[in-house]
Amino acid sequence: MGAGHRHQLYLPGDSVVHRLPPQCKLLAVFAFALVVVATPRERFWAFAVYALLLAGVVMMARVPLPYVLRRMVIEVPFVLFAFFIPVIGLGERTTVLGLSLSVPGLWAAWNILAKATLGVVASILLAATTEPRTILLGAQRLRLPGLLVQIAMFMLRYMDVILDEMRRMRVARESRGFVARDLRHVPVIARSAGALFIRSYERGERVHLAMLSRGYDGQMPIIHDMSASVRQWGTALALPAVALATWGLTW
Amino acid sequence: MGTDVVNSLEVRQLAYAYPDGTQALFGVDLSIARGERVALLGPNGAGKTTLVMHLNGILTAGHGSVSVAGTPVRKDTLKEIRQRVGLVFQDPDDQLFMPTVRDDVAFGPANAGLRGAELDRVVEDALERVGMLAAADRPPHHLSFGQRRRVAVATVLAMAPEILVLDEPSSNLDPAARRELAEILRSLDVTVLMVTHDLPYALELCERSLILSGGVIAADGPTRELLADSELLAEHRLELPYGFAIPAV
Amino acid sequence: MGTDVVNSLEVRQLAYAYPDGTQALFGVDLSIARGERVALLGPNGAGKTTLVMHLNGILTAGHGSVSVAGTPVRKDTLKEIRQRVGLVFQDPDDQLFMPTVRDDVAFGPANAGLRGAELDRVVEDALERVGMLAAADRPPHHLSFGQRRRVAVATVLAMAPEILVLDEPSSNLDPAARRELAEILRSLDVTVLMVTHDLPYALELCERSLILSGGVIAADGPTRELLADSELLAEHRLELPYGFAIPAV
Amino acid sequence: MHVPDGFFNAATSVSAGVVAAAGVAVCLRGARRELDDRTAPMAGLVAAFIFAVQMLNFPVAAGTSGHLLGGALAAILVGPYTGVLCMAVVLLVQGVFFADGGLTALGVNITIMGIVTVLVGWGVFRLVTGLARGKVVIAAFLAALISVPASALVFTLLFWIGGTAPIEIGAVAAAMGGVHLLIGLGEALITAATVGAVLAVRPDLVYGARGLARPLVLRGAEGESTTVGEPEPVAATRSLKPFLLGGVGVTLVLAGLVSFFASSSPDGLEAVAENEGFIERSSDHLFGGWALADYGDVGGIPVGVAGIIGVGLVLLIAGAVAYAARRRNEIKV
C-alpha cells in the first residue's frame, strides 16, 4: 500500500540534478525536446552536441550508464520502424550492401532515430532523478490542471495497489498448491483477474475515504517546500538554452 | 440522555444497502452523550462497520439521518464533521497510505493547517503514545500487522478529534499494547464509540454498551448488566470467554 | 520430543531479513511433534508472522532450515509441503482472491485433484463448519471482516492438511465463532501451530506454548506454567487480561 | 502506437498539442459533473488499469507496436469526459515517467489515443444501449471493437498530413486498419469481460449503467418490516450535446490548424529535397504532391477517399449518438 515507493524508475541520489526542483527539470526537458524536434535533420553537428549535453547530465546526475541503456529498450519498436522506412520508402533509390533503399526514407529514418532517442534519454533522466510524486507536484506548479494531477497521483497509487493485490493473490494461490505452468492454467488467472479490478478499486476507494476522513480536500498537504530559486531555474534551463544556441550556431 | 443538542452522536432510523444490493442496516437508532464511552457489540456481519462508516460520512445514509454534535452529516458539512470525528478503521491497510509512517501521521494535522515544529511535535507525540516512534521513518506497509494497527491509531490521535470511533482497535495488538490503548482512551477527554468482540475489554473501558444485531440495535444499557444477561448474549452470538468472571465492583 | 523423523515441524537456526534490510528472525529453533497443539505468543513485531510464512515456503530461509514431517522445505518439495501445511493468514484479504466464496474454498481441493460432487461436498462441509454456507455465492471482498476471516479458515479446512498453521485466527471473530473455532480445532486430528495474542484462548486450546520475542524463541513450555510466570510474561509484553484468572484444572 | 519525438513535424506536433489541450480543457469542465467527489480516485484507478492493460504489446506488421488502447473501457466506466482525462493522464505518465511516447508528441498521442477512442467508443456504446436497452456488455464489446480501427484511421490521416517519413501511405493505411481490427477484437473481449465483471458486483461503478438502486427495508423493535421509498435514481442520461459539439469542434480545429501549419512551413524533408535537387521527384507540397503522386489504392478505394470516408463515419456515428441521446431524454421527460 501507499504511494511513492517501489518505483524502480527513480534512482535515489544526491546530485545537483536530483536536488533541482521538479518544475524546473520538467520545463527544461520539455523545452529541450522541442528544440530537438524543431532542428532540421541535416544538422548532424547539432545532434552530436545535443547528445553530448545529455551525456553531461548523465555524469552530473551520476546515473549509471547501463541503467539508461536498459531503459532505452522502450525505443525498440521505433528503431525497427525506422529501419523499415528506407526499404518501403519512396523517392530516389540508392544501393547499400546490395539493398535498394529510398534516399528520403533514409533521411526519415535518421530523423526519427535521432530525435526519438534524444527525447527518450531526456525523459529517462528526468524520471531517474525525480520521484514520481514530486514530478507531479512540479507539473502542478507549472499550472497543469489540479484534477489531472490528482488523477495521475491516484493512478500511481493504484498501480501500487494493483501490484500489491496481484502479489497477494499470487501468494494465496501458490500457498494452496497452485503453480501456473502452462496454458491450461490461464482460465484460473483470468477468473481471478476479473476480481482484481474490483478488489483494487475497492481497496483504493477505502483508502481514499480514509484520506477524506483525515481532512483531504483534493490537495496533498505540502509538507516539504518546493519553491525554486532563480539560480535553480538558471541551472535547469541551461540545457535547453545551450541546445537552442547550438541550433542557432549550426545554421 | 439529554436533548438532541448536547448529544455527540445521534442516529435516527438509519438504513443502508451496499451497491451490490446487500442491505446491512435496517433502521438504527442511537444517541451518545458528550464524554460517554460506549461499546458497540454484535455478531460478525451485524452491520457494525457499516454503521461506523456513516458516522463521519464515508457512507451516505440510504434512509434516516446521522448528526454529530448537533450538525447533520450532509455533503456541505462533511469537512467539519470529519474534523470532529476520528475514525480508526478495522483494517489498518485501509488507513495507511503515505510513503512513511511519519508522513502518514502528519497527513491529518497538515490538512488542518499545522506546519513545521508544531506539526513534528504532534506527530512524534502521537507515535510515542502508541510506542511506534522508532518506526517513524519506515514505510507503513513494511510493518507487522499489529504495528500497522498501532500506527493507524496514531494517525487518528494526532488529529485530536472530539469524538473517537474505533472499529475493533484491540484486535492484533499484543496484550500490553491492548492495555496501553485502554489507558490512552481513558486519559482522553473525548466521546468514544468502540466496536469490539472482546467483551472483557468492553467492560473494562465502557460504562455503556449497545448490541447491534441483524442491522438493528437489539439492546442498549450498562455494560455490566448486558454482560450478566447470558440469555441476551447467547441470542446475539456473544458469550463471556473461558476463565473470565465479571469482577465485583 | 522424539526423534527428528516423527516431528511435524522442525526449525533449525532460522534467520531471515526482509528485502528492505529489516532482520526479523535471528536464529529460531523449534520442534513440534505430530498431533501437538502449540501456541506461538509474543509482542507485536516479534517475527511471528515471518516465522509462520517460512513453514510452507512462502518466505525462503536466509539461514538455517525448516522441515515438515521430515521433508526439508526446498524449491523442489514446495508442492508437497503446501499440500501438507495449511496456512491461515493474519490478514484474510491475503487469502481470498476468487470471485465467489465457493470458488475460493474450492480452489485448494481442486488443485489437489478433487472434482464434481466430491468437491462440492468438501466445499460445503468446510463452509458449514465456519457458518458461512449461506454466503457461498457472494464475492469474498464484499463480506464483513469477521466473515472474511471465517471463509479464510474454511479455505484451509477444505484442504484437509496434516498441519494447520493459523496466524491470529480468533481476531475479529465474534465470541461464538471464537469458541466454535476452538471446537473445530479440537475435533481435528492434526498438528496445530497457532499464533495468538489472546492468552486465555491459548490456554484453552494449547497444552504447550512458545514465546517468540525479538526474533528468537524466548520460552517454551506448558502454557499453564508460562502464563503463571508473570515476570516472564511482562518481559515480553504479555499479560493476562483484566478479569481473567487461570482456572484450576 | 505511442508516437515518439521526431515522428511528426514540429507544426503538426504543436497543432495537435493545441487540439489536445482544448479537448482536455473541455473535459475538465465536463468531468466535474460526471463523478462528483470520486472523480479523481475512480479515474485514477481506470487510468492505472488501462496502463496495466496497455503493457500487453503486440508486434504489428508495419514495424510499429500495437497494443490495447482502453479508450472505450474508460468511457464506459467513468463517462466520456473523465474517460478522456484518464487517457490523457495515462499518456502523460507514460511519456514523462516511462519515456514511452515523445514529450513533443504528447498532443498527437492524446488526440489519437485519447480523444478519438473515447469519442468513438462512447458514441457506439450509447448508440447500441439506446437501441437495445440493457445490453451493456454487448455495447461495450462493439464500442471497443470499432474504436481501435477508428483511431488507427485518424493516425493515418494525421500521418498523411504531417508525418516525417515518405512512405507509401496506402500501405500504412491498409496495415494499420487491418492490424487494428484484430487488436480491436482483443480489446473488445477484454473490455466486455471487465465491464461484465464490474456490472455483476458493483453496477454502480459502470457509468453507463447507473441508476439501479433498490428500495430499503426498515425493521422495527418487534421485527415488523416496512419498505421505504426508492432512493431517487442518479440521472444516467444527460444531454450529450456539449460533449459532441466539443468533439466536432476539436476535429475541425485539428483539421484547420494542422493544414494551416503544414502547408505554410516546409519541413526538413523539403529542405533536403531542395538541396539535393530532387525536388521534381518528391514534389513541392506535402498535400498536392503526395496526394497525387503516391496515393495508391487500398482494395480499390483511393486512400484519400478512405480517409474522408473515415472522418465521415466518425461524424455519422456521433450524429446518430446525439440523436439517440435526444430521444432517450425525451422519453424520460
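Just so it is clear, A, B, C and D label the chains in written order, and each chain counts residues from 1 on its own.
Definition applied: contacts are C-beta pairs under 8 Å (C-beta built on N, C-alpha and C of every residue); 3 or more make two chains touch, one makes a residue touch a chain.
Please read all numbers here as calculations on a predicted model, not as lab measurements.
Undergrad: In contact with chain A and with chain B at once: which chains are those? Just list them.
TA: C, D
Undergrad: Measuring centre to centre with CA averages, how many angstrom lie between chain A and chain C?
TA: A distance of 44 Å separates the two centres.
Undergrad: How many Å are there between the centre of chain B and the centre of chain C, using C-alpha atoms for each centre?
TA: 28
Undergrad: With chain centres taken as the means of their Cα atoms, state the distance from chain C to chain D in Å.
TA: 51
Undergrad: Would you give the residues of chain B that are in contact with at least 2 other chains, written as numbers and ranges?
TA: 20, 91, 93, 139
Undergrad: Can you pull out the residues of chain D that are in contact with at least two other chains?
TA: Residue numbers touching two or more other chains: 197, 201-202, 205.
Undergrad: Can you pull out the residues of chain A that are in contact with at least two other chains?
TA: Where chain A meets two or more other chains at a single residue, that happens at 157, 194-195, 198, 202-203, 212.
Undergrad: Graph of touching chains, which shape: line, ring, star, complete, other?
TA: Its topology is that of a complete graph.
Undergrad: If we count contacts the way the header does, which residues on chain A are in touch with chain C in the complex?
TA: Per the stated touch rule, the residues are 168-169, 171-179, 191-192, 194-195, 198-199, 202-203.
Undergrad: What residues of chain A sit close enough to touch chain D in their complex?
TA: 7, 9, 26, 29-30, 33-34, 36-38, 40-42, 71-72, 74-75, 77-78, 80-81, 83-85, 88-92, 102-105, 107-109, 111-116, 118-124, 126-127, 132, 135, 139, 145, 147-148, 150-159, 161-162, 190, 194-195, 197-198, 200-202, 204-205, 208, 212, 218
Undergrad: For the complex, give me every residue of chain C touching chain A.
TA: Within the complex, chain C contacts chain A at residues 56, 58, 79, 82-83, 87, 89, 93-99, 103, 107-108, 111-112, 139, 141, 155, 159.
Undergrad: If you look only at chain A, which of its residues touch chain B in the complex?
TA: 1-5, 133, 157, 164, 203, 206-207, 209-217, 221, 223
Undergrad: Which positions of chain C touch chain B when the two form their complex?
TA: 18, 20, 22, 42-45, 48-49, 90-91, 93, 138-139, 142-147, 150, 168, 171-179, 197, 199-201, 203-204, 233, 237-247
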